[in-house]
Amino acid sequence: MNSLTSADRIKTSFTLRGVEFKNRVFVASGTFGYGDEVRDLVDVTRLGGIITKSLSWKPRAGNPPPRIVETASGMLNSIGLANIGVHAFIKDKLPYLRTLDVCVVVNIAASSLEEFCDVLGLLEEQEGITGYEINVSCPNVREGGMSFGTDCTMMSEITSKLRKLTEKPLIIKLTPNVTHISEFARAAELAGADAISVINTLVGMAVDIKKRKPKLSTVTGGLSGPAIKPVALAKVYEVAKSVSIPVFGIGGIASVEDAVEFFLVGAAAVQIGTLNFVDPSISVKIADGLEQYARENKISDIGTLVGALDADVTFSVLQSWL
Amino acid sequence: MSTRVQQLCSVRSCQEVAENTFLLRFISQEIASSAEPGQFVNILASGNGAGVLLRRPFSISRVEKDILEILFHAIGPGTKLLSRKLPGNRIDVIGPLGQSFHGNAEFDTAFIVAGGIGVAPFPFLTDELLKRGKRIETFVGYRTAGQAFTSNLQHLHLATDDGSGGFHGTVIQLLESSFVQDHSGKIKIFGCGPTVMLKALGEFARRKQVCCELSLEGQMACGFGICQGCAVERADDDGQYALVCKDGPVFQSTEVNL
Amino acid sequence: MNSLTSADRIKTSFTLRGVEFKNRVFVASGTFGYGDEVRDLVDVTRLGGIITKSLSWKPRAGNPPPRIVETASGMLNSIGLANIGVHAFIKDKLPYLRTLDVCVVVNIAASSLEEFCDVLGLLEEQEGITGYEINVSCPNVREGGMSFGTDCTMMSEITSKLRKLTEKPLIIKLTPNVTHISEFARAAELAGADAISVINTLVGMAVDIKKRKPKLSTVTGGLSGPAIKPVALAKVYEVAKSVSIPVFGIGGIASVEDAVEFFLVGAAAVQIGTLNFVDPSISVKIADGLEQYARENKISDIGTLVGALDADVTFSVLQSWL
Amino acid sequence: MSTRVQQLCSVRSCQEVAENTFLLRFISQEIASSAEPGQFVNILASGNGAGVLLRRPFSISRVEKDILEILFHAIGPGTKLLSRKLPGNRIDVIGPLGQSFHGNAEFDTAFIVAGGIGVAPFPFLTDELLKRGKRIETFVGYRTAGQAFTSNLQHLHLATDDGSGGFHGTVIQLLESSFVQDHSGKIKIFGCGPTVMLKALGEFARRKQVCCELSLEGQMACGFGICQGCAVERADDDGQYALVCKDGPVFQSTEVNL
């Protein structure tokens, strides 16, 4: 490998379905609003892209408070996909986002197949959207509230329906709360997804022992943050081995080193979630820090880290003997 | 909106000023110059994220030149870490955040009503109201007298749950007993404290038909409007929520359902 | 509720299949050896019971090092069920355990249905064993290494086979790495289990970015400790709602308050795992602390805490809208 | 086996004695009275488990009356927390743990060989060997001279990787060059340091047919024999493992595969 000086340019960009993203660091859905709330604190144009809060057809007020609990190295949330709805997004947020030199991936959540199609269909008519991330961790009201994300058939159906509606990058975001996440990843790939995002939050719970009540109004919620990083790495590793499309690695990323761990296990890009709340500029710091890391380690393209783990997989049987 | 910043700020001092109550002073030219009473700062208690993950919000208790004060109870890991800060230590602060009290409006006398550590924002508000020439009556309730820290407050009326100081009872009972009806047109109430107290205070203000602003707390993940964690139900708009960190922490008592 | 003075006795005991356990605090399998290693530091007779390291028919040397990684508020292990084997246990450990006034639950792990039966069968012939906990988080070598614990049919079969072999308490310990843990719990109940233990470790991973290698020799390992407590609480809650047999709650318990959280969501007893490594006497401290807690809160029987959560379950649909 | 205890011990002092190298002294009558050279203590760096979960193992570096010393590099969260301890702070310690060096056996001269912070157990061993009237030659290698902390060592031979002090090269190269063959019958080597160095040292001892004891490290969860985390492969017994915390940390170089 050739030695790099501080003047040499590191290749940070990567391409998905013909779209070039500046770099491999994104902000995760629901943890950065619609990209405009903290414009005074963070220069989002230095990111690979912004992933919006999940949007549904109509605005959603969200769940009753309390919606947030801190746990050991993590947090639980039950925001309830509170969002302004796709129409307000188009009217109030998109015009500003269009003025920025940054990729905007719109995350969509819906309670029926039709709603998914309607939201994406409407967004297709707009300028300034780079691609879509589909949040399947939401209940299908038609099927008695069963989550789309834990039913492989439903998830495939959404993917192929949406695939027909767009030529833009289509990313399926999977829930980790299943036995074999790679089955879902393979099905999504087969149904036409361009990439897989892994992971959404783990189902978790916390109890106020004084009140003898759950600390979240919704009893259970989604666990995120550094606590889940080991689980996320294992899921990304499993998914990356089983599909040939790129994987977005998500879960507890708090530093350049964490991001490198995700690249090595096979993530083509990473998304920063909970840590945005702790430090709104963390994603930009990680994007910058990765260039620095590449320079120090004489890596000319961050992409060479992707899947570069030296792992002996013959231990697959032993491994279950935990 | 005042310009919020994220900064590493140098701690000037941190002292226990009453039972388990700490006054921490830190330096920030930027935050000090734009902060208004009722706003808060969001502080990372542990530099490296070890121990506590999320920031902790605190009302700005007072501003003197480029020095900000916060007043807090050491109740959990975050506040305990903060209580051990030494002069010269650096803390990561975002602020000023949220909406301030409205000290400008049509009133002559401010009734400040605080429960426990809810007294925190009022030294700052008092400075501001005095500048504007308002009369101030301050009602403060504590569980016990040892917790009282009331410096820079005006015309103090003290209540304690256990009767160890001042009026024996809640601060709302004290307020009821000392409230002179004919002032009401020109009075405004400013309240901060536990939710049960604020609920009672809002109810009191409604009964007396006095304008009342409350500073609320809420479970916050971010403190700057992106996580949607700090929801509080709006009174007007059924099933809609306001954000404590962005639309508050100061609300008209009639705006929200506590 | 009648007011208790410090002289009043708190009822701490509970009964499982006719066996009375002194209290509701146990040490979890694999985190306390065979109960004799730390006899100088801990008085195990003050516990509800000891659960042994998983025993197999033959001794197992375990996985190559490194076997341990610390993570945010947790740890990964890939011990590989290193154990001395059931024969050595009977010869070298059981005689000492019999001298103690403490319940001994033997945890069994095996790589075939026959091995499960052989180990339990041999133990049935011994004196001094209170009951069995069955670790189904191990690979079935006959089925290509597929874990027993993620296949409901296999898990049921083990349970009913073992049920026929013993009249002692039979506890099935479930893995959390499945989509619907309650299906497994119900199947185990139906097959004759007396109790369910929830949870074993979550699959996780960590990477040494300098060496570009997994930090564990087996690539992935089991995540435990305070980081997983929210997940464990949600799983215990799910299981306790769906079966009528008692549930042992396990996962990140570090304090009296944590134990109370588990009781409230439905655990009849708790097991302390990882925290034994941090403080070998933590389980005794929690057992003692619970009595103190009961006294302070005027609870005359710890059992009244079990399932006493005041939760509004109408949020089951909203809940998935994380 | 010496009697191990779990205790809250009072810190006597904690000082940076060389580049990023700290000497922490704490009081424990019980541990001090039963500890032997080569044994270790397992310390909870953060009282409330916040920040680091597991204990951190450290060789006992020296014992003076009821005071124990540990010498460590502040490399991660645990050691950084420890490096900030102040006199009077209390730390939760379990010890003494593990097997000690055997200073009693048939030899006249001890060759102590340490790499970096691997020097930690040797002041204690030196005291012991001197009591037994042994001759000692000490070989210590550092990356750079600023890291050297060699108090209470005998007949010091220094090597640095960068040549900034003493011999320019590794401590094993230094040992090779100064080893006098005809001593060999009465020599015993005691080694501690990075695994690569210990591997080379074991190999050296085998070639020279000198008895050699190595103090190993290992990833520990418990430190007292229950988690099975700290496995090291036995040389004799194919596929079997010894536990560093219980069977070690001191092993005959021929006993284990590094």
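Should a chain be cited, it is by its letter among A, B, C and D, assigned in written order, with residues numbered from 1 in that chain.
Throughout what follows, contacts are C-beta pairs under 8 Å (C-beta built on N, C-alpha and C of every residue); 3 or more make two chains touch, one makes a residue touch a chain.
Since the model is a prediction, treat every value here as computed from it, not as a measurement.
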Subject >> Chains in simultaneous contact with chain B and chain C >> reply: A, D
Original post:
Greatest Cα-centroid separation from chain C: which chain?
Top reply: B
Original post:
How many angstrom between the C-alpha centroids of chain B and chain A?
Top reply: 36
Subject >> Whole-Å separation of chain centres (CA-atom averages), chain A against chain C >> reply: 33
Original post:
So what's the Cα centroid distance for chain A and chain D, whole Å?
Top reply: 46
Original post:
When the C-alpha atoms of chain B and chain D are each averaged to a single point, how far apart are the two points in Å?
Top reply: 53
Original post:
In chain D, what residues contact two or more other chains?
Top reply: 52
Subject >> Contacts with two or more other chains, residues of chain A listed in rising order >> reply: 73-74, 77, 79, 225-226
**OP:** Between the chains shown, work out who touches whom and classify the graph as line, ring, star, complete or other.
**Re:** ring
Subject >> All pairs of touching chains, each written as two labels joined by a dash >> reply: A-B, A-C, B-D, C-D
Original post:
Tell me, which parts of chain B touch chain A in their complex?
Top reply: 3-6, 44, 49, 52-55, 92, 94, 218-233, 239-241
Subject >> Touching residues on chain A, where the partner in the complex is chain C >> reply: 60, 63, 71-74, 76-81, 109, 137-139, 141, 145, 147, 150, 177-179, 200-207, 209, 211-214, 217-223, 225-231, 233-234, 237, 252, 257, 260-261, 264-265, 308-313, 315-322
Subject >> chain B contact footprint on chain D (complex, rising order) >> reply: 46, 48, 50-52, 77
Subject >> Contacting residues of chain C [partner chain D, same complex] >> reply: 30-33, 37-38, 40-41, 53, 61-62, 64-70, 73-75, 77, 79, 82, 225-226, 254, 274, 276-281
